[in-house]
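First chain written, first letter: the chains are A, B, C, D, E and F, and each begins at residue 1.
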Amino acid sequence: MRILVLNPNTSGSMTTEIAAAATEAAHADTEIICLAPRFGSVAIDSAAESYLAAVGMMDLVAGMTEAGDFDFDAVVVAGFGEHGRDALAEMLTVPVFDIAECSAHVAHLIGRRFSVVTTLARSIAPIEDRLLLAGLDAHCASVRACGLDTATVDADPEGAIQAIVEEAARAVTEDGADVICLGCAGMAGVVDAVTAKLGVPVVDGVAAAVGLAQAVVGLGLSTSKAGVYAPGPANPRSHWPISPALGVDR
Amino acid sequence: MRILVLNPNTSGSMTTEIAAAATEAAHADTEIICLAPRFGSVAIDSAAESYLAAVGMMDLVAGMTEAGDFDFDAVVVAGFGEHGRDALAEMLTVPVFDIAECSAHVAHLIGRRFSVVTTLARSIAPIEDRLLLAGLDAHCASVRACGLDTATVDADPEGAIQAIVEEAARAVTEDGADVICLGCAGMAGVVDAVTAKLGVPVVDGVAAAVGLAQAVVGLGLSTSKAGVYAPGPANPRSHWPISPALGVDR
Amino acid sequence: MRILVLNPNTSGSMTTEIAAAATEAAHADTEIICLAPRFGSVAIDSAAESYLAAVGMMDLVAGMTEAGDFDFDAVVVAGFGEHGRDALAEMLTVPVFDIAECSAHVAHLIGRRFSVVTTLARSIAPIEDRLLLAGLDAHCASVRACGLDTATVDADPEGAIQAIVEEAARAVTEDGADVICLGCAGMAGVVDAVTAKLGVPVVDGVAAAVGLAQAVVGLGLSTSKAGVYAPGPANPRSHWPISPALGVDR
Amino acid sequence: MRILVLNPNTSGSMTTEIAAAATEAAHADTEIICLAPRFGSVAIDSAAESYLAAVGMMDLVAGMTEAGDFDFDAVVVAGFGEHGRDALAEMLTVPVFDIAECSAHVAHLIGRRFSVVTTLARSIAPIEDRLLLAGLDAHCASVRACGLDTATVDADPEGAIQAIVEEAARAVTEDGADVICLGCAGMAGVVDAVTAKLGVPVVDGVAAAVGLAQAVVGLGLSTSKAGVYAPGPANPRSHWPISPALGVDR
Amino acid sequence: MRILVLNPNTSGSMTTEIAAAATEAAHADTEIICLAPRFGSVAIDSAAESYLAAVGMMDLVAGMTEAGDFDFDAVVVAGFGEHGRDALAEMLTVPVFDIAECSAHVAHLIGRRFSVVTTLARSIAPIEDRLLLAGLDAHCASVRACGLDTATVDADPEGAIQAIVEEAARAVTEDGADVICLGCAGMAGVVDAVTAKLGVPVVDGVAAAVGLAQAVVGLGLSTSKAGVYAPGPANPRSHWPISPALGVDR
Amino acid sequence: MRILVLNPNTSGSMTTEIAAAATEAAHADTEIICLAPRFGSVAIDSAAESYLAAVGMMDLVAGMTEAGDFDFDAVVVAGFGEHGRDALAEMLTVPVFDIAECSAHVAHLIGRRFSVVTTLARSIAPIEDRLLLAGLDAHCASVRACGLDTATVDADPEGAIQAIVEEAARAVTEDGADVICLGCAGMAGVVDAVTAKLGVPVVDGVAAAVGLAQAVVGLGLSTSKAGVYAPGPANPRSHWPISPALGVDR
């Protein structure tokens, strides 16, 4: 089985971390290929960047499809609360997995109420929106933010883990969560730290998505094409895919 | 007052029709400028095209802002159920209005239950999603589709009006709607035809958005920057805005 | 355009204040006429007083209609969370606007989550009820009370503003509101004070209702008569309108 | 135990029918007194009439209280979906029961999904509103109307029963109701007819309210005065109660 | 009238206390018979014990029915938030009342928002589940736990009452409850203590269920057999009822 | 990996069919052991039988645990909409999977709206209840019944498949489902028949649960013991486990 994991931002180090997390979660006989869009933003902290990432991932997949290079059994979109899954589900016949939704699914399977701990407070609303649209909000105890942006997390991983553990502790004691979902991708060591401190299961989105992708592919199932994920009509588009005109390559 | 009305697709005739509808709805002392993105799709019938339109409108506004050309009191996004309003609301200090939400607001003010009649069945879900996220779904009796795509509507406007009237009639008699919202932009004659046949108020989204934009600007209010619409952090982006590299101009 | 603004209580000073707020919010070519019922209560702090106000406003409008004096393009009911809008909407062919609902509509257009700050805690429930019935509760972060009754507010406006600002601050920091709606009519200076202290948009209900009334009338729309707002059957009533028997006049 | 049953309209024959239904449902040692307001409408088919009835019942109770004549253990408001219960609950220390809510409570106790069958279609929305505000809508399968107004029902009771039975049958087969609530007061013979035809339990609102009133009084409980039903402040009112000026008497 | 009150656990002292509470709440001419299952757990503090109790009560009733000993007009299940009511409602033609649901119904009738105060925190979720399934959660302000298990309550009733009063006080001041429901059966003195301290109505579940059972039986109504409570098909069962094989007797 | 699949009824042929379905869905290196309770009902078509099944599965697992025989990595409860998962989750440290919930999770991952097609109409409500409690109801388009009981299905499998296909077709065309979940366990051939006729993905519950069990175990996760699934207190129980007294053995 081959799974394409898409980092929605253009940060190479993030792509590497996500690839590592995905590979660790995958079966030995699953091949993980992790790619980033050919254009976009190095981090995603706004709706604008999220739309840009959605188009960047669409562009990447469209390019691969046109070139006959798309040879995967499933796609994982490794952005927590970000846009784009539905567009890829339309474009592709293989199933597409979103790490926010997959985290919530796994949390439902092992507990009663989950909280998400993300980075900046401004990411709370998009994550709540995604859970609401996915019909996965009823058992969400809270979405909380540790208050650190990507740069700070990179500069001080130990401090970041500490901040996440503290916020997760509040989710457990104040909001009644019995499962914590990590609302960011690719931070090594956080799962172990939170589990050790709080004694509750911790779900990493990339791992959850890889696990569920393997399960769904293993069941022989894929995206329903009988509804909203049917391919759209062939409306003429200008400059599509975009990346050739930008002079960028994988 | 100057209002920028954005047609999310690249169809010139659609831009012209939307401009006419907006101008007709506007006060005499309101100036309407209607523009389309510099790249994208000629019609929007899928999630993929909707994201592309969101980025196209972001690109247009970012280009104008960079060039010092952005001189408007409000922006209207003339796509029904499409993406992008939240990104523009982040980027701008003037208020941004979405025609699907504005239709629903006006429908609430004049009736108890509204139905939306859109073109293709595949557009129903995105419209439901937008109303749900906007917190405007409780009084929505139904979202219905007349089953015609853009090309057919263009080729046979009389037939299209007939199909919309029939679907609106079902919304009234079967779903209990007492207001009809037109889930597409810029069709001349539909409002009059539905009103005449069914005797219920009909809300045109572009007109509704222009009316509410004038009201909000008149109240001296604009987008709150205390929450999710605060500008995002200055993360580095590649190739932004995109259109200069594509060699396109307004 | 002529808008009839109804103060639901019988306080003359309140009528004056509401008239001033409405006039300030109106276009230059909109004429504002502000009236109070011919009988009722000088303040509305209970369900009983709210029903009395509804009948008082119905009585006033019925009297004007019978006398051929009703010549308005829209009606604004200037009671926050109070009864009566639906009855007037049944009785009249021009649209009727409720300040609680209009505040919520405007708040939706400029933010993501709004809080209402009202006077007494006992008014919280009726306001929540109105938002629920109007289908406008999903984005309501909270309804809060500053704890002062009308008399105290009149006696110490500076203290009242201070109390409202403090409660609004809690709405922003504790409940996540990014817009504040003032849940009382006619207090001069509050909007500026809250805006200045908290940096969030503040919506005054009377202004919001006048703005939306102008917008809806401008769109050529009015109350749907196809549903619940159709005029009721002509059941015989005793003593209707009531005020002639009371020997009161405007 | 003495229960005051209030017919919200001024129809003497309706008062007689309601009194009979209440008396039949009451224990032998419960005394039923059924009264109508001193002014108002002979039937209630609109929001305007419903508010008028609320004030009429408030006026009646206020008059009795002032005169020292109020000597009851509970009050039943015999209007289905109409206004006024909350105002009486504020004014009185004895518990007040609404027949729409009481029907729904009894329906919950004996089934899983109930439907209400009322007279005119225009009464559906107010009944839905009442159930929503009372928090009793989740198990409501539907509110349906048989389409006959009061005059027609009076003129042809057999035909009315037939129409109600047919609508109740649709509620059972199409909406999945396993209990029927009669959304009108005082029709003799309907309960037996529907039960006989459909084999489902049928709840008469007046009987349900008398039964629950006896139960709550028997438990030594009454309206909580710790919340929204606390008496309001003593705001000055003009012409209150209203009926003395109208020259009407019980 | 004869009411069978079922203590779901096997504690004899609890059965005695429940019988006393039920008898005190009953009319003089109502006979209360209180029984416990022939096998099961002495206290119910888990889902496993709750299922065991459901089967124990089913076994008891099945045995009585087979022996021709079942001669009651109604059954009360005296477990707060526990399983089994729906099974008994299927098996019997007389109505079956659950004390958690009956508490909530009575609370709705006398207030606007109720809180439940139960023993252990682990009982909160099952009570929330029951209210949700019963469609009685919308007016539930909170379910709170005083933190004491059954043994502690038995050993120190004064301390238990103190803990319950404190938690009820939080429900009133922090959650806005105006009615308190006691989420445990059979504790003498608690109702008086909470009422005295907090001045809000307190609902005891056993009393509420007896009161509502008397009301429903008095109305001549019983469980609808048209829906989910119809008797199931006669599937072969092994070892049913179970108790004969266990060598236990009432 | 070793997964214990529990057939909640006592039918040997059903156990065999479930074992076959589970084995087919499992990885080559996953060992499936399928067992039935030692007492109970041969089919589960009522709440009473569902509780009996829950206790039967608890008894089986308790017996294995006491005997030191419980050596599994996960448990699958193969009853659709039936009780017992929460009790087993309390009792065990390995994760427990319910086929109704797992079907819904998989359906969410591959479509937007799913319908469940079950056997008898009386099973609809319990399935709706389970989805509601699990927080998985928002995207459920409908739960439908084909109207055949177990015996009929056994006697005429071809006819049963035909009936299920027809009901699934209604779910797609009338309710807007784009995924079908089979609300019964162990029917060979149905998945292929529905998929072939309707062209929508079909989810078999046993396969879904096995797939998700493998995924969760593969992620190194298990039931959270920080909340409602913590083991209960050691309350004394009589006759527990039950089966030894019944003289039955595996």
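Simple rule for what comes next: a contact is a pair of C-beta atoms (placed from the backbone, for glycine too) under 8 Å apart; a residue touches a chain by one contact, two chains touch by 3 or more.
This is a predicted model, so every value here is computed, not measured.
The set of chains touching chain A and also touching chain E is given as F.
A turn of 180° superposes the CA atoms of chain B on those of chain C, with the angle given to the nearest 5. One simple way to say how far apart two chains are is to compare their mean CA positions; for chain A and chain F this gives 29 Å.
With each centre defined as the average position of its C-alpha atoms, the distance from chain A to chain D rounds to 54 Å.
For the pair chain D and chain F, the distance between C-alpha centroids works out to 45 Å. For chain A, the set of residues that touch two or more other chains comprises 112, 125, 227-228. Following neighbours round the ring, chain E first and chain F right after, the list reads E, F, A, B, C, D.
Of all the residues in chain D, the ones that touch chain E in their complex are 25, 27, 95, 97, 101-102, 105-106, 108-113, 134-139, 172, 176-179, 198-201, 203, 207-208, 211-212, 214-216, 218-219, 221-229. Only residues 10, 39-52, 54-55, 58, 83-84, 86-87, 89-91, 120, 122, 125-126, 129, 132-133, 149-150, 227-228, 230-233, 235-240, 242, 245-248 of chain B touch chain A when the two sit together in their complex.
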